[in-house]
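What follows is a group of structures, each given as structure tokens.
Same chain, two partners: subunit A is paired with subunit B first, then with subunit C.
Right, the complex of A and B next:
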């Protein structure tokens, strides 16, 4: 029963949402596609009355740009490292957390705490932990005041077990790409754990206890129970956590700003750790909307493909 | 099964009467073995329990360590921070670092801006979300399902795609460096509309029809029935929205990075540009702690709602 009064009332209630969505969501989608296919489109020049020809030059230029390839490599590398590590660690924590009674609530609360933080602010704390405080680092006049808590811990173990002193240049001037990536991986995994643990623990708690009772009657071993009962019954949540992990991973940006600042890399190598999102914003700030749009569409395409790939794999592996 | 069991037990317990001595010896052995395996199992179980707790506690320490280090560092004097081997508790507690940080980063202004933006955008967003969710859940109109599907489809698209055009739009509207630019573009969240609509659908329609018969207006019905019944969802939305304002970095930095309108996150990053090298860490960590404390308070008191909202959304802010 559709009466006309309900009709206009519905549109009235929806009008604020629709107006805002048209301006800030629908129009941007259309406009981004338009700008991406206008060669070398620039907002500033467009305002000056210049016209642009239709073409795919934005895409070819972006894909050929060394900077873009670097950003793509950084993003992919961080994704490939952090998603599996954080998922496996979260699974391990969730399974063990689910198996205990005393302290369970307390530990669960502790593990959720990093979720409610500001990724820039805590990034600055991580930077402080990894940073070597000193002057003229990497030169002959090098003067180390304190090597930071992480280096002190490493040094402690190194001198105890091997007798050698050890100090790693993690993020300072002259630090290596590998060390930078290790720091970023540690921070991103630390940041990604709480959400994954929350989802996986919720999934574990909803598994029917009868399966485990049946397995116990049959005398099934722990490992077999884990792989044959827990993982299959948890697979929808695992798939969800992995898919959202990849989507989040491809949009990585603020955690790098948190640790390295807007330099996006050690002081002697700006933008070394820049990501896809960072590339888009740089192009935007240089009034290069055409290239920014092309990069954004490429990012969307990659996320779409990875998500579909994940869904395809999980269709075969996930048991609902 | 029980009969069989009894027979076997009898075999073990009274073997002499039924069989020769070698059989008896075997049976006694198996009893010993049984006890042994039982004991081994208990030892295994205790060992596994121990390992499980050890693992969880070590992980918990790793998770908590950055917070501890933040507070520890924020209370040190600069000279103590610069000691070669760091101390695990400040010898002299320097609360003055917090005052210095507050002034250095102009935190008062940043807090004020963030609270204004957070509160206004949350209130407006709630009104819009409630009205839209009500229309989708209770009213019949042409194209309802198509419109709803269209809205859900936009959730797939990464936000960066919108930002490029929105940047131009707000510049043309003359909104740069105002509160408006921080509030208006993000008022509508398709996800919140979806979440609340699902909640509204669970409320029986008979209540609405009864209210209609009594001549109650929609707004009154929403206010008296729908909103109280879906309060937990609305609280989750409020918290996530406020946290969003507190944590947003990219958009504010892009469009409102002047002294008067800076929000807490880009203000913090802007005040402490150096992350490596010779940095005055105690003051920087004090500023970081000041920015983090309100979030901890929210966490302590409203954890339940956050966890509920997050487990259904999978989004941060």
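Right, the complex of A and C next:
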């Protein structure tokens, strides 16, 4: 323990950090809770001198709002789709990467690239790839009109094998919800892979090689080695990756903007793919801080419950 | 199961990728392990013991040579088809499985005709757990066991498949001194009870000498000598073996053969009929000195050490390789302090002469 006479020094050194935390973290949290429980709180009206009564109307309104339910459904759906897919893919890629010797470092770098690339920029590229109409400057600087590369590939296979042209409207005007979700899933999974691969590869490389030698002496098949040795020994990393994956998934927002822009949906159906965080931003823009705060607290509650659930499951499944 | 190594060589590509030259870990070794015996593979760190063991196991491929189990050539067989059990230096127990699951794991891998029912597996697990005396601990995780208990689990896991050959890589090096003694007796007992041909790797000569039926002494990937421990100790083939075996170690002197007699300094130690003149090393075991005021070798007296029943006369000599010469004598001796020198006679069977160039033993 620090000498009590010395303690004021410790506080002194900590004070800059404490002040910043108080101003930018602790106070906003308290204020969020306060605003959430002041009925129909609006910052603008509060500045005009209006007072608000204490109550839970923000919550009841948010929960009843059709838009909020849609946002909740979109968020949950994307979470449930992307977290398992990206985790399994990352595990597969990490295991494969770990087992090859030549080019391992190079491939590792390639797989890590998306992590250091701006996700809005990636989103725009994905949007271009999934586009149904697009254009580029060909030779002689002529504007050539074509579909995105995905549709071109689909079209190529369709025309060669069935003789019919085929295009899928993934994200443009008139596209269907299912297609939108597919695009979002592909994009989010792709975006989430590098971090997960990095963590899992690190985990794999820290597993003692002698476990594998021991398994070889005992004639363990490859699949059994994977399920009985690799996965259990990797379970702490897997749990970490899944929990952070869900937390990140519930905060999904930028990826939708990346593909659909601020419309949060195809041009004919604004906000079709809006998420919880998107809902909060919209409420803030409309000077509806009370409702935004309520939605933020609901989001917090959901993340808390899901994380506790994850931790509960991993207590039983994670070894050590 | 008799195990035969014939001209076995293992070369590794250099760990430093920039260096093109290969590392020869094991260099043309041949020896035969008799059926049902416990063999100690002994040598300093890095001499290729583990590599040899892994080649017998099948985890490492041979660069040259052949390995036979009985009459069967197993050189190209993978580990699981050789019927070997391996105990790793740090046990390599699966940390997420209980003791029972660890021991049962090899059995669950068995395929085809060898496949066992759940009950048979359990029965064999219990039997082997009883053998190594861990049947109380079956539901524990490895992290809840002491080092010695983990060691037993590792041995049980290696034994449960009833291997033809049991291989142990420095199995005692992670245990503290007392446990080491206990466990090595335990390994000896288990080996006797199961009668499985066993290879035991260690760098500790005392360990190897105390439990092996035969020892194989290695140096730089080459077998120096093989035989019953006491025989190798009493009759070392070269200076390295003489120095490596025995505590306290052999005393080494620079000597000279002149006119068919051995000299240390100016003193004639003994006759060496038929040996031509040359420089030599002379090894004398500590128990080879006989305290005698009229002895043939004069040493500078330092002090007397009494340790338990043994008495060491500590001396020095100008031609000694080490600053201290230790002579253990049985009888009570009284040498007053300040005595400048003492004289010894040398027991002929505890004195070895080695060529100065080749360091090979010179017999006479």
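By our rule, the second predicted complex is superposed on the first by the 299 of 320 C-alpha atoms of A that agree within 3 Å, B and C clash if a C-alpha of one lies under 4 Å from a C-alpha of the other, contacts with A are read in each partner's own complex, and residues count from 1 in each chain.
Simple rule for what comes next: a residue touches a chain if its C-beta (ideal position, glycine included) is under 8 Å from a C-beta of that chain, and two chains touch if they have at least 3 such contacts.
What you are looking at is a predicted structure, and each value in this text was computed from that prediction instead of being measured.
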First (subunit B), second (subunit C), both or neither touched by A:305: neither
First, second, both or neither for A:266, with subunit B first and subunit C second: first
Per-residue touch tally on subunit A - higher for subunit B or for subunit C: B
Which of subunit B and subunit C A:80 touches, first, second, both or neither: neither
Subunit B versus subunit C as contact partner of A:280, first or second or both or neither: first
Touching partner for A:176 - first (subunit B), second (subunit C), both, neither: neither
Partner chain(s) touched by A:56 [first = subunit B, second = subunit C, both, neither]: neither
Residues of subunit A defined as touching subunit C within the complex: 208, 210-211, 213-214, 216-221, 224, 228-229, 232-233, 235, 319-320
Residue numbers on subunit B that touch subunit A, as the complex places them: 48-49, 52-53, 55-57, 59-60, 62-64, 66-67, 69-70, 73, 81-86, 127-129, 131-132, 134-135, 139-142, 144, 147, 151, 154, 156-169, 184-188, 190, 193, 218, 243, 246-247, 249-250, 254, 264-265, 268-269, 272-279, 281, 284-285, 288, 291-292, 295-296, 298-299, 303, 306-307, 310-311, 314, 316
Subunit A contact footprint on subunit C (complex, rising order): 57-59, 78-81, 84-86, 88, 90, 92, 94-96, 105-106, 108-111, 143, 157, 161
Touching residues (chain side subunit A, partner subunit B) in the complex: 1-3, 6-7, 9-11, 13-14, 16-17, 20-21, 23-29, 31-32, 35, 43, 89, 92-93, 96-97, 99-100, 103, 107, 109-122, 124-129, 131-135, 137, 144-149, 152, 171-173, 190, 193, 195, 198-199, 202, 222, 240, 244, 247, 250-251, 253-254, 257-262, 266-267, 277, 280-281, 284-285, 289, 292-293, 296-297, 299-300, 303-304
